[in-house]
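Chain naming follows the written order as A, B, C and D, and within any one chain the residues start at number 1.
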């Protein structure tokens, strides 16, 4: 907590102004899904915010409470209502299916509400790519900022509309973008991802049945997962082979990344590049002696990154991991909220 | 395999006769559920049987294969068809929902087919109890034999219709009936059961979602589970408090049973009573030094039973465990099949 | 957070005085075990405390960091040193083996340090019982307060020495003591407990090997677990049959409690008694419609309690669950710390 | 079971001769480890073999039984004794640490006993490689046959000494060797392996503690695992980047293999090559529509292989999986035994 490198992320004048005007009124849409409930948990304890509205994904969803959060948040989740949401909120988090988000986000922005969208509806900037991978979505009237906090702090600070990265791209890009910037990546990249089952969402299916998952591992979306074009977009078009797997745990993603660096590159150089990129990032932890493991990041907003380089051949193996519901979803959204509002980037996220 | 106590269960003359007339033609209805697939697996390797028909639960189910059983059983599961099932089979195993079983079982018996029913439709002999706990069922025209193999071998041998016990009652009754017979049980009994998730069936639901079960334990059916009256029936009306729990594993049940024995009863007496009851039972293993654990019985037809007695007070704790899909369902059904047909009780069950 | 029932636990004058004099200096001994690390995590974020010393269990343990807690607590765990610990600390938490705690706790109290002990060394007040179950311990020169916070707030407030309850007794006693006080318990009680593997401690053994635990459930300590006399002591000598089990999850305990209430007792009465006892307890959540599950309390300081009564017979089944490392260990210790120091009982515990 | 492609593996004349001379006397050394116990289980039910000796890993190990195998195998495991082992056995399976195996295997071969070694002591043919990765081993006086059954049936048939492949190489080589033979592999290969914890062996350690593994995934041996040179050896020196991971399940390995095929290669060609290679292999199952999952191979001797090709770019993703204790260890050893002795390759392995 006393790392001097963190001073840049401290409380700004702007937040001081905001702080005097009372807590920020926050609206949540899609509050009953896994990421939505995590948002409720995080915002309920946020020092500068107040949950002004928590709504389900649709107007026909029943009113309900969240028993697991009793005493942490004792509010009620009500059916979705756009006008009421806009009226109640300074900032809205959307944790909706992408087609719903595609409708709701621009409507809120038009009404002057700041929007942080967790869906995939607005992540792909290329029109053709978006239509291929998210066919039910429409172009946004307002262009959103891509909310990989550590890369886009300045733009997020002034944004009215942020689209949060996917869980897999977050882990991949925090590992790879510093190397790409430093021209240390050669050729294609392979990303082998292992994800807990909460990543498959809350809807019961054969895929998420306990007896299907327990004692098993399965690849899915091989050569056809829509996080692939998102990672490629943020790596300026580099070819990525991405294969996600479901592993029998609840929360967390570990990605093993296979890449090549120029012959002659030293481990020390990699270390310096990564260190320079993330020394002041409060939620990226670089691991040297031991490689990251999911258990060290579960229930936190950290992304842990480690690597091993075979210097003679330039073969590089990186390991990047995070909690898919926190840093891969709700936590990163709150981090963006903090940056947007001028709060300490860590507010509400280090407990 | 050379335990002399097992000799009573050996091949009889009758089986010799049957064996010369070729494999028994077996029909399976409800072959895609968890217990149904286990039946396919067991019967595919049975030395004296042949799967003559494998059908889904209903006439509208699609035709399908079972990929996990490729090379073990390469047959096809076809839609349910009563007439075809009866024609193809000498013996039929029913692994159907109880209302379907309630219709199909008597119809098959009427056509001269021997039936082994795994559902609950016919387990409760008392009309009022049956209607309360299985309201969609009707009285059976032919009274079935209660297929707790170890208790009813003689009756099963001559039966045309066997109703297999529930998974929980099987574990409970193998532990308690010898003591009840020996007048060593005093008063009420508490049974606390822990079951793997496969016990909740194959249909996806919030209850069986991996993220609900992983890292959790939950009681269900407290004071209202329909295996309670079944256990009480087989204990001649003794009051049983039975609470099942779901624990985060796939296959297996462990029951901890709290009972009282008459003051002055010695551990040695209990041992003798249990030993006398089950010495010749090939699938009941009595544990003395270590208590049973699920991992020792998973994927087997064994029921392991152990106990600890507080001699000064007569408080008795028994632990009984089995694989709910094998000894608690498909395996016990095959064991009954073996007894019915005069085969070695262990045929196809000891691999 | 706005539950009026909680107002009694609010910030007192005393805490206001303390708060002005800077954070309380806290010492931790045994900071590398499971409960010890949880204490570090909780105290690192405590609003009114500062970790002044974090020590291992023995003087020969190596100096080390806790990588999982990077950025949350960046301190160093040093070898145990009694004098240094006493000098640095206003209050010390002991998370040591009971024989070590038995030595260290009185020595610290003698030096004027307030002590919160998580071990079993001082839980049993009866000399003979203590010697039987904790043979390596000695009588305490200062009699400690039994730190079941919800029962003993007044005594804890003035205590110099608190002995925290065991994890199993905490769950059992929060469920049973209100009924015992109201004379609603008849006869003996059976407690069937299911615990995650972290309850078995950090030392690797065959018992804690993943392959032993995965897919299995096992009873242990049957009729011989030392938490039994502790529960019986706090229930004024009532006979308790207690059987703990290991279930394949990491954190959490669920206890199913079988008891009898006087015939004629109504569910409504039970509800009123429980409500009256715990309405103002911030960490006890009474469940009516749904029974408690471990997943709702994991990683929290809550103890969730629910029940079902068979009114005609007076048979009562209660379900009580908590996180063994939080409410069952470190969290309850911090709760006692808060009460001792006059802080809001929830300080640092509701994140 | 009636797949005509399997006819080539049927009972030969030689086995007929052997069969008439009574069961083969089998010795097992290292029978208490995970693979050793699996060998006991498999050989206890083998139709043409008899366990003549089952020994622990060392002369100082205590005599013991295997409670989980009661009624399946009721023999006793005795301390290791080379002379007694040689005298009792026609064929010996060694499931020993590699340095012990390095001593024992040649000694047994010299005494005329046929040896099937499961350790790594003799897998690497290159002297320098062997000394680097298995420094405690010595050159073998008799050169063993590499026991990847599907590749080396003819040599195994006549072998006196077989060294079984590692679990990871088995899955990798069954996927890759047909493509390498058909000149369909271009450049380097990446193998990302996910293994259950039983792969880490039976000795308790922090690494195998349940609380370390549950809810986590961790890479290990990155760029330094000794199965890498074994895979490279069998791929004629092709460069392989191999990273194994521990995932929270007990039994099974899933490998995701990233390779390149020549531009213009069609999915159909791959299918034909794989089909031609393995159509008559009873334990390799090629998956087309769905990719392999661990749950379909656990507790079996199958290796399931599937793949997806991006035809425009030649990027190939293969998925290969098996049970590390069966096809990756004990099962493959028994398969080699069957080939050596002229039995049906499937004997004892299809239950």
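Basically, contacts are C-beta pairs under 8 Å (C-beta built on N, C-alpha and C of every residue); 3 or more make two chains touch, one makes a residue touch a chain.
Since the model is a prediction, treat every value here as computed from it, not as a measurement.
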item: For chain B and chain C, chains touching each; value: A, D
item: Centroid comparison with chain D (C-alpha atoms), farthest chain; value: C
item: Rounded Å distance, chain A centre to chain D centre (Cα mean); value: 41
item: Chain B and chain D, separation of their C-alpha mean positions in angstrom; value: 35
item: Centre distance in Å when chain C and chain D are each reduced to the mean of their C-alpha atoms; value: 48
item: Where chain A touches two or more other chains at once, by residue number; value: 212, 214-215, 248-250, 295
item: Chain C to chain D touching residues, read off their complex; value: 34, 197-198, 202, 204-206, 208-215, 248-250
item: In the complex, chain C residues that touch chain A; value: 1-3, 45, 67-68, 70-72, 74, 214-215, 282-283, 285, 287, 290, 295-296, 299, 302, 350-351
item: For the chain B and chain C complex, residues of the former touching the latter; value: 190, 192, 194, 196, 212, 214-220, 222-223, 239, 241, 243, 245, 247-252, 254, 256, 258, 291, 293-295, 298, 308, 310, 313, 315, 317, 319, 321
